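Order of writing sets the labels: A, B, C and D. Residues in every chain begin at 1.
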Amino acid sequence: MAPVFASLHDAVAELIHDGDTVAMEGFTHLIPHAAGHEVIRQGRTDLTLIRMTPDIIYDQLIGAGAARKLVFSWGGNPGVGSLHRLRDAVEHGWPRPLELAEYSHAMMASAYVAGASALPFGVLRAGAGTSLPEQNPALQSVICPFTGESLTAVKAHRPDVTVIHAQRADRTGNVQLWGIVGIQKEAVYCAQRSLVTVEEIVDELAPMPGAVVLPAVTVTMIALAPGGAHPSYAQGYYRRDNAFYLAWDATSRSRESFGAWLRGVRAGS
Amino acid sequence: MAPVFASLHDAVAELIHDGDTVAMEGFTHLIPHAAGHEVIRQGRTDLTLIRMTPDIIYDQLIGAGAARKLVFSWGGNPGVGSLHRLRDAVEHGWPRPLELAEYSHAMMASAYVAGASALPFGVLRAGAGTSLPEQNPALQSVICPFTGESLTAVKAHRPDVTVIHAQRADRTGNVQLWGIVGIQKEAVYCAQRSLVTVEEIVDELAPMPGAVVLPAVTVTMIALAPGGAHPSYAQGYYRRDNAFYLAWDATSRSRESFGAWLRGVRAGS
Amino acid sequence: MKPTGEETMRIVAARALRGHRTCFVGIGAPSAAANLARRIHNPDLLLIYESGTIGSKPNVLPLSIGDGELAETADSVVSVPEIFAYWLQAGRIDVGFLGAAQIDRTGRLNTTVIGPYQRPRVRLPGAGGAPEIAAAAREVVIMLRQRPEAFVERLDFVTSVGRPARVITDLGVLVPDDGTGELTLTQVHPGVTVDQARAATGWPLSVAADVGETAPVTEEELAVLRALEQ
Amino acid sequence: MKPTGEETMRIVAARALRGHRTCFVGIGAPSAAANLARRIHNPDLLLIYESGTIGSKPNVLPLSIGDGELAETADSVVSVPEIFAYWLQAGRIDVGFLGAAQIDRTGRLNTTVIGPYQRPRVRLPGAGGAPEIAAAAREVVIMLRQRPEAFVERLDFVTSVGRPARVITDLGVLVPDDGTGELTLTQVHPGVTVDQARAATGWPLSVAADVGETAPVTEEELAVLRALEQ
C-alpha cells in the first residue's frame, strides 16, 4: 500500500534488523548519512552492506562494527584518498573482520538492474581476464545463444532493505529526486523493503526537469530528515561539504579519533 | 561528430537505402509519419521494418510495397481494429508477400535495450510455453548460471537506421522529447545511423520535466518537419487526430481506396 | 437502463479490482473496466499503461493507450523498457487484463492468427504485452465474449500462457478448477442460463456444483460506464 | 614557470584528447587532463562522468565525480546503469583514462590490493569503472607516475585488462609494441633521460629505436592547469 511516514528512529527500528542485507545508495549526491548514523545509534550489527562507493557513510558503519560483509565496487574517499576504517577492517580485522564481495561499477549497476527487473542475473561485457571472478562467486559467465560469445553474468542484488535520501515526498508517498540520480531507483526497486529519507514533505510534487519519481507503491517507509545527506549534498537544498570529506581523512585515520567521532554520534539524538 | 541538418528529402535520401533494416519508433506519441511518407515518395523497397506497434505508419509503407519483412509485437490500429494493408500483405501477399518476425512487447523492448547496450542478447521471463519461439529464431533460451532457471533470450536489434520524431533540437544537434517517450532512446542508440525529425529547431533547449535529451553525438541527421507526427501527436504542439485513425479503417480497407491515398502521398512534396 | 452482455462483462471486471493497488491496462474493454473501478470501487487504484504512464487519471477513455491525457495526468511517465522490466516483470502489477480471439480450457490465449501461422485465414494483431502480462501479473483477468469460435478445443496459436484468476464473459464467470486448472463456470449474469453458457463454449463446459448469479449491475455502474465510453 | 613531472603528465594527456569527441572522466588526474583539453585543445570535447553527467562544463575541478556543478552544467544527466550500458559499453567513448597502483608490461592494471587478496598489505579502493573502461573505450590512456613499485613484473591483482593506446607517466610515454603488445618507451619529457625511465621501471624496459622528446609544456597549458587545480 502507500508508504508509512515515521520518524527516522522508528523507520530504522522497523525496517533494518541485525543480519540484514542493506543497500544505502546515492552516487556522491543524496547519500543517506542521517539514516546511516541512526543505524549506528541503534547498534545494528552483522549487516551485509551493499553500495557502489562505500564512501564515508560505510566507513562510519564499518568502523562502528555494524558490518559483517561489504558488497561494493570502489572504496575510497572521493578526491581525498583512503577510507581508513574500511582499510583497518580489511587489513587488520578491526573492529571485526570484514568479508568483501567485490565488483566493478558496471557489474554493480547490472546487478541492481537485474534485481529491479526480477531477473536472477544481469549480463555485461567486462571483467573477463581480471581477477574479480576468482574472488567473487557472484560473477560467472554466460554464452550468447546467438553469437557464441562469452559474457559476464552477475547475480542480481536483492537486498532486504534499501535506504536512499531524496529531495522530497508528497503526502501520499510519491518520492521525487533530481540532479545526479545514480542508481537509487534500481536500488529501491530491487529491495524487499525500502526507506526514503527526505528533505521535505510537500502537498504536491511540482514537476522538475530531470526528476525521477518513485511512485508511492514502490516505497515502504518515508522519514523526514532535513540535511540528511550531509556531508554529501542535496541539489536545490545545500552543497557538498567538501571540507568534511577532507577532514574525515584525519578523523578516521586513527581508531582513537574515530572513536571520539563515534561517541559523538551515539550521544546524538 | 555533430548531426547534419538537412531537408527531410535529403536526409531520407542519404540515410535510408533499399534493403535496409529500418526502425521507426514512437509509442503512439511522436510517430514519424512525415518521414514514412518521404520513404514512400522516394520509392524505397525491400526494407525490413522494425516497430513494436506497426500502426498506420507501417500499414502505409506495407501497402506501398516498401517492405520485405516486418519485425513487430502488435499490429493493429489502436482502438479501431485491423491494419488492413498489413493483413492483405500477410493473408494474400498483396502487393507483395511480407515475412514476419514476431515478438511480444517486452521482447521487443529487451531487444532494443540489448542493442543500445551493445550486447548480443537481452534476457526476460516471458514467452515460455507460447508458440512465439517456434516461429521466431531470434527467441532462444538461456540458463541462469546461478539458479539454473531457463529464461528467454532475445537477439539484440541493430537496425541500419532508426527514425524518430521529437519535439525539438538545438542548433548543435541535441534532441529533446517529452511526454510518452516509449522506446525511442533505445531505438536510436541501437542503430548504426539515425534520423530525427523535429517540430522546431531552437537556440537553447529549455529543460522540461520528464524530457529525454539525446546528446548530439548520438544522432546522425536532423530534419525540420513541423507536424511530422500527424496523425499521431506531439505533446505541447498538437493533439492526436483520432478522426484520422478512425477514417483510416475505411481508407485502408480496400486496395482501391488505399491506392487513391497513395497517389496523393506520392504527388505530395 | 438495462446493460448489454458486454457492459456487464466490463462492470464485473471492474468489481474484480476491489482491494487491489495496481492494474496494468490495455486499450478497449480493460481500460473501461479499470477506469470504472477507479471511479466507483477503488479510487486509489493505480492505473499503469504499457505506454509507460503510471497513475494516469483520464477523464474520458482514451482511444489509444498512448494518448496525451494519459501522460499529462500521470504521477510518473517512464520508458517502455522500464514499464515492462521494473513494473510488470518485477511483480508490481496486482491485476492484468487480457482479451483474445481464442481461449482454451486451461486459459491459454490466441491473439495472433486464425488458421495456420504461415497462411492465416485471419491475421490478428499479435502478442502485444500479453505473454508478459500472463506470466507476471499477480492476477490475470481475461475478458472476452463467450462464443464457440472463441472458446475452442485447440488454439491455432499459443500467444500467452498462464493460469488466469478468472475469465469474465458476456454470459458469466469462469474460474480455473483448484485441482485440474480447467476453466469452470462458477457464475452466470442475471438472465443467463447455464445451458446458454454451455452452448457458447466449444468444449464440454465444466460447471461448478453451485453456480452463482452475478450481483445485478447498479444504475451507478452503468451510468458511469456509459459516460466513460461516449 | 616550470612544470612538475606530474603536471607534464596531465598536460600530455590533455594533448592526447585532440580530435576526439567524447571522453570518460574519472576524478583526479583524468579530470584535470580532460578539462584542460576542453579549454585549450578541444573545446567541443564532450566530458562524460561515470556519475551520469553528459557534457559537463565545470569551471573548477570538482573534488568528486558527482559534484553538483557537473549536473548543473551538463547537457543531460542519466542514471548510472545508462551511462555504463548505453555510453561506455555501447562504444560511445573515444577516450577513457585510467590510473593504477600497479601496471605490468602488457598494460594490465591493479587498483585493488598490494599483497595477497585475502590478507593485503594495502587495501586499495578497487575496480570502480576500470574493467569496463579498459574493455570498451576506443582508446584507453593510462596515467601514472613511473616508479619500480608501480611498474611491476607481476601484478598482485588484475583489476583491468585491455590494450592501452598509451601510458603517460611523469617521465615519458609508453606505447604497446605493434607485434608483441609490450609497453615500449617512445618518448621522454624534456630533461628526462631514457636511463631514468629504465630505472623507474620494475622490468627490463623496452625502448623504441628512436625515442622522441615531448614538446615542451607551454605557458598557457601550465597556467590553465594550475588555475583548474587551485
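The rule we apply is simple: a residue touches a chain if its C-beta (ideal position, glycine included) is under 8 Å from a C-beta of that chain, and two chains touch if they have at least 3 such contacts.
What you see is a predicted model; the values in this text were computed from it and never measured.
More C-beta pairs in contact connect the chains of A-D than those of the other pair, out of A-D and A-C.
Once the centre of each chain is set as its mean CA position, chain A and chain D turn out to be 28 Å apart. Centroids of chain C and chain D (each the mean of its C-alpha atoms) stand 57 Å apart.
In terms of their C-alpha centroids, the spacing between chain A and chain C amounts to 40 Å.
Touching two or more other chains at once are residues 113, 118-119, 124-125, 185-186, 210 of chain A. Looking at chain C, residues 85, 89, 136 sit in touch with two or more other chains. Chain pairs that touch, as defined above: A-B, A-C, A-D, B-C, B-D.
Within the complex formed with chain D, the residues of chain A that make contact are 27-29, 52, 72-76, 78-80, 82-83, 86-87, 90-91, 102-107, 109-110, 112-113, 124-132, 135, 179-183, 185-186, 210, 212, 233, 235, 239-240, 242, 245. Per the touch definition, chain C reaches chain B in the complex via residues 27-28, 50-53, 62-68, 70-72, 77, 79-81, 84-85, 88-89, 108, 112, 117, 120-123, 125-132, 134-136, 157-161. Taken in their complex, chain D has these residues touching chain B: 21-22, 44, 46, 54-55, 75-76, 85-86, 89-92, 136.
Those residues of chain A that touch chain B in the complex are listed here as 118-121, 123-125, 138, 140-142, 144-147, 149, 151, 153, 155, 207-211. Residues of chain B touching chain D in their complex: 1-2, 113, 116-119, 174, 185-186, 189, 213, 215-218.
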